[in-house]
Every structure is written in structure tokens, then in C-alpha cells.
Amino acid sequence: MKKTILEMNAITKFIFDEHGQPLRGTTVKILEDVHFDVKEAEVHVLVGENGAGKSTLMKIIGGIIPADEGEMLLDGEVITFAGPRESLAHGIGFIHQELNLCLNLDVAQNIFLGRERQKKLFIDKASMYTEAREMLLRLGFDIDPKTMVRDLSTAQQQIVEIVKVLSYDCRIIIMDEPTASLTKSEIDKLFAIIHDLRRNGISIIYISHRFEELKEIGDRITVLRDGRYIGTVDIEDFDYDKIISMMVGRKLGAMFQSSHQVQDEVVLEVKGLRISRNTEPINLYVRSGEVVGLSGLVGAGRTELGKSIFGSRTYYGGEILYMGEEIGGLHPSNLIEKGVIYLSEDRKLEGLVLDMSLKDNMTMASLKRMYPKTKIDFKREEVVAQESIDKLNIVANSVEQICNTLSGGNQQKVVVAKWLLTNPKLLILDEPTRGIDVNAKSEIYKIIDQLASQGVAILMISSELPEIIGMSDRIYVMKRGAIAAELTDKREFIQEKILSHTL
Amino acid sequence: MKKFIVAMLVLVVSFGLFAAGKAESKGPEIAFSLKTITNDAFQKAIADSVEAAAKAAGAKFTLVTAGQQTAVSTQVSQVEDLIAKGVDGIVLSPMDSKAVIPVLKKAKEAGIPVVLVDQTIEDGNEDLYLSYIGTDNFNAGFVAGETLAEVLGGKGNVLIVRGANGSSAGDQRVDGFKAGIAGTAIKVVGEQPGNWANDVAMQVTENMLQANSNIQGLFTASDVMLNGILTALDNAGKTSVKILSVDGSDDVKEMIKDGEVYGSMAQFPDVMGTKAIELLMRAINGDNMSDVPKYIDSGTTCITATSL
Amino acid sequence: MSTTQLLFSEKVRRFVKRNGSVVIFLILAIIASIFVKNFFALNNFLTIIKQAAIPIIACLGITLVLMTGGIDLSLGYTLGLCSITVGLLVKGVGLPIWLSIFITLLVGLLVGFINGILVQVVKVPAFIVTLGTGYIIFGIAQIVSSGSDINRLPANFRAIGVTNIFGLNTTVLISLIICVVMYYLLHHSTFGRSLSAFGFNAKAARMSGIKTERLNISVYMICSFLVAIAAILLTIRVNCAQPTMGGGVYTFEVITGAIIGGASLFGGIGTVIGSVFGVLTIKVLENCINLLNVSYYTYQAFQGIVILLAIIFENVKNRRL
Amino acid sequence: MKGLKISKKNLLIIAIVVALFIILGSLIPGFLSIKNLLNIVRQSSIIAIVACGMTMVIIIKGIDLSVTGVLSFCAMVNGLLLLKGWPIPLAMLAGLAVGTLMGLFNGLMVEKLGIPAFITTLVVGNVGGGLALLLNAGKSIGGFPAPYVFMGNGTILGVPVSNYIMILFVVVTSILMSKTRLGVYIYAMGGNETVVKQQGISTATINFFVYGFSGFCIAMAGILLSGQLDTVHPTQGEPYQLDAIAACVIGGVSMLGGEGKVYFALIGALIIGVQRNALNLLGIHPFYQNIFVGIIIIVIVALNIHQKRRTIEHSKIF
């Protein structure tokens, strides 16, 4: 029996008001009486819907925020962390979900930030570079420590982040969805790393929504729901449906449903579009009432294609026909009027205005349609927003709530609500379910299906093969900025087959 | 690096254009450095007269201004530039009585004759310039003070609208004015800076009037603020206030005619200009300058309705 | 505590939060009324309002610009240029008044357009663009005026600004109208909404179908347009057109007003009421300094300290409330 | 290897500058005289020293608008003490201390109250300016001890002392920025403040240091200037506020923070100096000079940015 090194009892965290002050005495709580423990040399997976409180719990362990109530024991002794530095000093490392790097510094500087190697007064760059290079190589990544992080791909940046944390010799490492933006091969490397970390007696707290991963690396799984502790199961008696039901509090029907009918009318047709000077031209089409999956590795150019269509990126030649009409280079506002919309993969930077309220964000794309005379009708706005909140059951205390106080899943729903209000005819969805929980996922799948059955044409970019396979009527696979394959026969929709095209 | 190359080229080309645009003229080159000629009728008048005289004497004329009323260091570096350029003579209206001394020493080393106009420098540096032509600001203020005292019969409340803080000319004029009214029963009930600007002058006047409605006289350090001050008084229905100012610009003459302003201390820019150039040309032509007095008073008279 | 009370206190909290400058203004005004002789007088208040009316117009302009996360350092010089322009046209050239004003406003729009284009299209930081255009505009103003000012403007021209309608002169009324219009624009129209969105997150705003390019340029044009109006009124007020009117000092005073009014330099946030009272606060301060006849050298330091206090209050409030 | 690369860079810059000067020289009589060139550097030294601090401030996404006031105030303090007969080093120390303190105050406002640097520095500047006037009733002071004036106006081996001081500042600052932890942290803070916090690096230290240092540089500039003029004028700081910022930005310091090198800020300062000097030598009418200065600023920055955009474009994956 491994011994428990970290234990958390009766942890409670209240929701904040808009100035980050805890609102005591309210019934709604982020965490309520949560128990959590980590044994030596185990991979403890933490699952739960968005807003279930996973990230908050981890932030408490990581010393980023304090718990309002409850106690935390490290090696049996009660402990509180004043800041991330302290928790790190106690051997707890935190790999964050969103990247925490300085883009304007190079790899080595980022890895050693805060504990630079010194030679007398000055920093010893040479040795930092060599050390950094060694670390990277040891973990099997060939990245030049001298390169600016800005110039790395998202995946590479994620790796730097991981290496950075690993470089502190920690006993416990928290990984908050580390694989979100990694490619298959990179994920395999990461798992290899995790395995020998465990072998070396290091414990890992692993948050993920990808169940296929859990089996591979997990020892125990703890489930949170609505800020409450639901239970912990060993991986041996892992059961998909059981976990799901623990997470959502009820058995989930089939995740994917397809009630929609593909029609003949071609809504979107892309002819010979190049997303950069030296890539092959792209040809694809989407029909009314059709869900077309766009698969491929991160960096294969899927997002670039989406943005090119949505007038948010310069492309090189080719035509984009919407209902037979050239829409290339049009401003997003005109496209939205025509019923073309693009849901960005980057919720925080391109999807939402985090500092504005739910209703402001929801109505943002429909301002012109809702108020042709430019005078805002606040009453109507409130009604509309409230409807969307109910329809997508978004967890929020009012339509006035500022978006950056919402959980990731709810933020994503706000974005979806925004686009639904524009009643689109062509939806380009870029990772519509990135980093959101099973329940929210299935809801979004439902919405997609409904839209399709209303005759909306949908182009869905996704890295999650199950959802591509489950949702799509047709699948394009992209590779190095071009279409590598088109799969029309549902019988071909098999993970292995699709992967083979991507690699 | 590319950006620097391009940047430099931009510089070069633009300079090229300017240089090409300039017509080369024979004769000595004379430069005039002063604070600013923008919105300062008096300074502009001096500049115009210097330019006219220089052109008349067949010299090439260059004007440099510091732009702001108090940018002393700018003036200094500009004069340094002139020395480096090797002009044959400099007319200087110092913005500060001390700050220009080092650069004047440099001019002396470079053997460039300098004539001071309007403003002078610290005593004990007479060897640094041929002569100082101007009226002493203190005196102008003093006369204004006396005149006002006389008009008001030696009693009453007056306001003072100063120049910009830190401008020695303005300060001297006000100090002179206070000396001028000293010993009379005239009380200075308000004194605020108008920053040589009409809008500021107007605002401070309005506010001072709120504090003291009983005003018989007002002194301002320069004509350039009169428009604002008059409007303020006018709005407050104070038409009988006796106003004295310094400069004697053309604008103020109108106002005096119309009885809006009682008087202004006229100085004589034309005298300064012509005299300064005359001296410089002599020096340039190698005459013996030992006979030239170090201080030539260009005179002050108080323009009033009667003297017009 | 009953819900209505709660709502009320909530309302108060919100109001103070949104319009801190109103509170600052009241505090200052009360203090002044007690300690400053001659301050608490209708006549004095009217004076202050007259003095504030024009800067308020410019301040509303800069508020818009600040909301985009930009800034306009050329504001003061634009004021000078427009002042001399209208002066020249009305008196120098002798054009009909309506035409002179029309042209002056066009000049304002043009300046704003150029600033906007440089910021939006050439992508030079607003700080630098307007720093540069400031120099240029000042140069042009000096050239057209050849350095001299134009005073004693025709009475029928001045009438536009100085005619009295029940106690308030037209300048104040014009300023009032502009405030109302701006209030609608900023707080009740899609324009204001889009502006905040753009200020907070330009990318998201654009991808939500807001024509951010057009928006950004238009904001600079509106700002300079308002400045042109301010210039005309100020010229009328002091009865003198001069290229040095305004200047850098004026720019910073107006910006400070907006900041006291709670506008954020990082974009997104800004209110009409806030900015209006921001300017009023400054004017009350200057008024008191003059009434007290504070020594003219203490003036600057004194003013600076009080403004600093105001801004500290503004920020502390944002955190506590 | 790396060192070599850098020296190459410098060589290139030098080459360009030389080329530029030759062309300008051919256009402008007297421009190329050693005297004039040293003269330009001397005039630029004030801007350059202020720019040292300003670069740091802008890198952490701040701005320092207190130059005008603080520069005058510190010089005034130092000057008055000198006239009171204090030994030069002590008087200078006092001046520098005042500047640093005012800088630290800015840091305090930014760090503890989250007041935007723009506004706190602006106001602190006003207060400083007011005090500068107050200290000596708005009058300028002068007649300082010879060694002091020598610092501003004298030459060693034919090169003005000011230039040595300027070089010292630039070198020290750039070593600080590129070779020390603090330097890395300053860049880091400009790049991503949250990371800096998470690494347990105190942003307070950085803010205090950066604004304090900026105040220090401003004070030094003020003192040096009063040495050059053998005078302290209560508003002598006026021209340097915007020039210093312009110098940084022309030198490629990004207003968005995180990027910039002190060396380039120096070049920016020199560009401004050269331009002013050349305009004066060409005898261009003051009215047109303004227009010219404005255009130069915008054009050069526009070019910087265009350049950056291009490089980003190229760094795309495919």
C-alpha cells in the first residue's frame, strides 16, 4: 500500500464577486467540502465537468489561490501556501492549461525563469543553454533552447511548459489538460515521460477530458461534480458509463446522434485555395444539412483554412464560393450578414470579450440585425440573453455576469449562443468542444445536429477523432496545409484509417 | 538592421531635398536666435527688423527659435549648431541670463561676434558680446507701475497677470511694476500666471475677479494676453478698469485708441534690429569696436491715448 | 435588510463605481464651499461652468479615443490649427461665417482621418502617430498664421458663442447638447457597445462582425471634429485666434480629466458623465487656486497633488467597491 | 560565435551611420567637422541618458511622463546645494536621490494602487515642475564650481565629458538588461506578467527598480544639463520629455512592451540629434522644422513596424 503524501479535507471555496472577493453566505460555491488525496508514485486522474471545480482545486494545491475553508496536509502536516513559489518549494509543480510562457524570451530563459544560473553577478547563459538542451533531449524533444518561444508552434510551446515544470525536481506534478494541443506522437512521448516519472516515485495529478487517455496512464480516478467530491475509483474497475454517470449524475444517452438529412444544395465551395505561397491548392465543398469533418494534426492548416474563408487571414489565390457567390476577402461583418460564421478555437483571444457581460457577448454578432436603428433595446437584449442561457443551460448568476468569471465550458456555450443568435447558414466550427466536459459536449453535439437538420451546412474542425467520426457525414483530412484525403463512406470512418492519412 | 538603413536613407533623401531647395547667396551669414516668434508680436517684430536689416546689408540670414517660451537648453544647442556651422555673426535674445554664458564663451573662442538684443546676460560677462541693445524689462514694468499709480491717484486694487512661470522677462517686468507702485496705497489683490496665452489669462482673470470684484487697475506682462483679459473684464462688466501692458504691439495701439487699454510700454524692435546688424557688419568687416558702448538703450515710452 | 434597500444600496454602489468622478467632484466642491471664500456663489459656479464647457467637448472626444486603447497627443495642436483657421477665414479672408466654420470642421475631420489611417492602416502606435502629427500640425498652424494671431473678431461671429439664453451662454448650451448626443452614442447605441468591445479585445470584436477598421478611424475623426468645435468656441470666448492656443498642456489637462472620469488607458472603459465631472473637478480646482490667490509657483505643485489624490481615490474605489 | 554576430551587427550600424554622415556632410557645410559631430553627441547625451531609464519603463509596458518636472527639480536641488557650498559629489547625490525617490513613488502607485503609469508619472512630473519653480521663486541659478561645469562642458582627449558619462550609462544599462537576472525579469514582465508572478518573482521589485532607475536617469540628465549650461533653469526639462520617448521608439523599443535594446535607443537619440543639428545648419525656418521632426518620427517607426510584421510573416510554419 503506497503511502499518502498529500491530503485535502473539507476544502470549500466560495464564488467571487467581480473584484475577486469571496462571496460568503451564498449557496453557490465553487468547491464544497471536497476531499482529495495523492499517494506516492501514482497518476491520479481528476475528472469532472467544466465548472466542477477541478482547476480551482488544483490552483489551491498550486498555491495560486487559498482555500476559504478546510485543511491541506502534506506528509501528514497541515500546510498552507502563500503563493505558487511556496508550493513549488514543497515539491509541487503545476503545468497549466493555458500556456504560461514569456513569448518574448527564448526557451532556456523561460525554463530557468526565476532561478537563472549565476556566474558572480551575471547570468551564465552558456550553461543555461546546455542544460536546457540536455533536458529537452532527455525527454526526446529536439528544440533549440535559443529560439524565441514566440517562434515555436503551440505544441512545442506546450512542451517547453512541461519541460520547465519537470526541471524542478518535484514530488507532485499537476497536469491540467497537457495534451489539449499536442499531436499524437507528442502525446505518446508525454505518456512515456509520465510513466518513468511514476517509476521514479513521483506522483502526478492529471486532469483530462479524453477518456481514452485515462486507461493508458491512470492509477486512480477522482470525480468532482458541481464543486462536490463524488468518489474515487481504481483504474482496475474503470467503467466508461459509470464514470460518466458519476460526472453528470445520470446515465448519458448516445453521445452522438444524427437526425439530420444531407441535401443537394452546395452551400460552401472552395476551389484551389492556397493557405500559403508554397502549399498545394485546397478544394472542398459543404452541402446544406451536411456535417463535414475536417481532421488533421495541429498545424496541418485547418484553422488557417477556416480563417481564410472567414476573411480573417490572407490566403494565396483560389476562390471561395458561398451559394455560388464569391465571398473571398469579405469582412467578417458582411459574411455574418450573409449567414457565414466561424467559431474560433481560441475562445479567450478570438471568441469572447472576457471583460464584458454575457449578454453583451451574446448579442455582439447580431447588433446590426437586432438594432438596425443602432438604438439598443436593453429589455429585449436581456430577454434574448436569458433565453440563450436557458436553452444552453449556461451556469451563471445573471446576464450581467462578466465572462471571465465563467468556467471554460460555460464560456464556450456563450460563444455558441452568440453565433446561434445570428441564425447562420454555414457554420465553421474550430474545435467546438475543446476543453469542455462530456455533458457540455453532448449538448453541443445535439445543437450541431439540430442545426444540420434545419439545413445549415457545417464544417467541423476537430482534433478529437471520436467526435469527427461520430458527427460527420463526410471527412476531409488535412496534411501540411493541403487536403490529404476525403472519406465519403461511413465504413471508412475508423480512427486508424484517418490517422494514417494525417501522418 | 534593415530598418535602420531605410530610416537613414529617409533622413538623407529628405535633407537632400531641403538642401537642394536652398539658394546659395553670397555675403556674410548672420543668424538670429530667440525664444519664439509665434503669437508674440514683439519678438516677431524684432525678428522681422533683424532680417530686413541683414538682407539690406547683403547678408545671408538664418532664424532659429527654441519654439517654447522657456526651452532654454534648446536655444543653447541651437547656438552651438550655429557656431559649428561657422556663421559670421550672431544676434541673440537670451532666454536666460545665465544659461547662455557657456555657449557665448564658445562663440568668442570661435571668433564669432555676438550682439544681444531685448534681453541681456549676467553682469561681469561684457567681454562676451559687442553690445546689448534693448530696454531693460524691469524698467518697462517700473514705468508701467508709476503710470498706473498716477492714473489711479495712488490708491486702489490691481490685479497682475504674469507671463509663464520661469520666464525671466516676465518676472522682471512684474518685479518692476511692483517697484513702480511701491510706496503708494495701491494694493495687489491678485497675481496669477497667464502663461502668455489668451485662454489661460482669461480664465485666471475671471477667477481673480470672482475673489475681488472691486478692481481699479490691472497689469499684464505682455500684450499677447490682452485679448483674453479684456474679454474677461468685459464679461464681468468691468469696463472702467485701467489696464497697463508691455510691448506696444500694433494690436494694442488699436485697443488704446478704443480706450480698452490705458497704455502699453512700447519698446522699439526696429531700432534693435537695425542697430544690431549695423554693429555686426562693422565687426565682420574688421572695424575697431572698442568705442561701442556695452549697453545701447533702444528706449521705452509709454504709449497712451494721448501719445498716439 | 429588505430587498428594496439592498437594491438601493446596490444602486448607490454601482453609481459610485461607474461615476467616481462625480463623488470626487462633490467632495472637492463641499470642501471648497466651506474653506474657500467667494467659492459658494452662483456667479462663481456659472464662471466655472463656462470655463469647463469647452474642455468638456474636447474631453469627450479623447474619451472615445481612450476607449479604443489609443490616445491623441495632437489634440492640443489641432485646437490651435482650427483656431487660427477659423480666425483667418472669418476675419483675414472674410468668408461667410457658416462657410468658415464648415471648412474649419472639415480641417478637424481631416486631421482625425489622418491620425486614424496611420493608426489603423499603417499600424503605428497611436502614441507615436499623434506625437508626430502633433509636431506637424503645430508647424502648419504656425505657417498659415505666419506666427501672428488674429484678434477682435466680428461680432456676428462671436454671437455664436457668447449670446445669453436664460443665464447660460450659447457655448455652454452647445457643450450641453454635445454631451447629450455623446451620452446616447456611448451608452445607448450599438456604436458605444462596439467601441467597448473593440477596446477590450479588437480581434474578438472584429471576428464578431464589428467593422473595427472603420470604427477605429471614425473615432479619431469624431475626436478631432469635437476638438474643432472646441477650437471655434474657445476662439470666440477669448476673442482671439492663435496657433498656440491649446498645445501640449491642454492635451494633458483634457486626458487627465478623462482619467479622473474613470476612462481606462487600456481601452474599453469610459463614460460621458465621468469625463464631464472629471473636467469639472479640474476646473473647480483651478478656480479655488485662483480664489485663494495661491502663490503662482505653488500653483502647479498644489494642483498636481490634488489631482493625484483624485486618481488614487478613483483606483482605490475600483478595488474596494 | 554569438559575440561575433553582435559585433557584425554593430559594424553594419556603424557603416550605415558613416555612410549617412558622409552624404549629409556633402550636403551641409560644416556638418562633418569633428567639432560639430562631437557637439551633436553632446547635445544628444541628455536625451540618451533619459532614454536609458525610459527604455526599461516602456519594456514593462509603462511610460514615464515625469521627465519635464523631475529633470528640472533634481537639477534645482543639486544646484542650490552646490551654491550653498556643498561638495559636488554630495550635492549630486542629493539630486540623484530626489529623482530616484520620485521614481520609486511612481513605482509605488503603479504596483500598489494599479494606477496607470501614464497618469501617475504625468502628475508626479507636474508636482516636480512646481517644486522646481518654488525652490528658487522661478529664477534660474548659475555660477557653479569649475569642476562641475567641466563635467558638462569640458573635454578629455578632445571628447566632451558628457559623452563619456552617456556612454557609461548606456553600457551599464545594457549590461544590466542583457546579463543580469533583473534584466531577464524586466523583459519577462513585459512579455507575460502572470508568469513572472507564478515564478514567485516579485513584480514590486521590478516596478520599483524600473521606475526608480528611470527617475535616477532623469535626475542625472538634469544634473548633467545644468553642468552644460552652468545654470539651472526651473523649466529646463521641457524639451526632453517627448524627445526621450521618441528616441526609444525610433530605436525600435516596442510600445507594446517586452522588446527593445538600450543601444538602439541611443541610436534613436542620435538620429534626433543629427536631425535637429542638420536642420539648424541648413537654416531651415523653425516653422518647417516642426513638420519635419513629426514626419521623421512617424516614418521611422512605421518602417520599424513594417519590418517586424515582415519577419513575423516569414516565421510562419509553411
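As written, the chains take the letters A, B, C and D, and residue 1 is the first residue of each chain.
Everything that follows uses one rule, which is that contacts are C-beta pairs under 8 Å (C-beta built on N, C-alpha and C of every residue); 3 or more make two chains touch, one makes a residue touch a chain.
The shown structure was predicted, so the numbers you read here are calculated from the model rather than taken from an experiment.
Chains touching both chain B and chain D: C. Of all chain pairs, the one linked by the most C-beta contacts is B-D. Note: the chain lying farthest from chain A is B, by mean C-alpha position.
Centre-to-centre spacing of chain A and chain B amounts to 69 Å, using the average Cα coordinate of each chain. Between chain B and chain C, the centres computed from C-alpha atoms are 32 Å apart. Separation between the centroids of chain A and chain D, computed from CA atoms only, is 44 Å. For chain B, the set of residues that touch two or more other chains comprises 37, 165. Within chain D, contacts with two or more other chains are made by residues 133, 138, 286, 290, 292, 295-296. Multi-chain contact residues of chain C (touching two or more other chains): 142, 147, 297, 299-300, 319. Those chain pairs judged to touch are A-C, A-D, B-C, B-D, C-D.
Across the complex, chain B is touched by residues 9, 12-13, 16-17, 19-20, 23-24, 27-30, 33, 35-36, 39, 43, 46, 133, 138-143, 149, 152-153, 225, 228-231, 233-236, 238-239, 250, 252, 267, 271, 274-286, 290, 292, 295-296, 299-300, 303-304, 306-307 of chain D.
Of all the residues in chain A, the ones that touch chain C in their complex are 19, 310, 312, 331-333, 335-337, 342, 344, 349-356, 360, 364-365, 367-368, 371, 374-376, 418, 422. Considering their complex, residues 37-41, 44, 162, 165, 189-193, 195, 197-199, 202-204, 206-208, 210-211, 224, 227-228, 230-231, 251, 254 of chain B touch chain C.
Partner chain C is touched in their complex by these residues of chain D: 63, 65, 109, 113-116, 118-120, 122-127, 129-131, 133-134, 137-138, 242, 245-246, 249, 255-256, 286-298, 301-302, 305, 309.
By the touch criterion given at the top, residues 175, 179-181, 184-185, 187-188, 190-192, 194-201, 258-259, 315-318 of chain D touch chain A in their complex.
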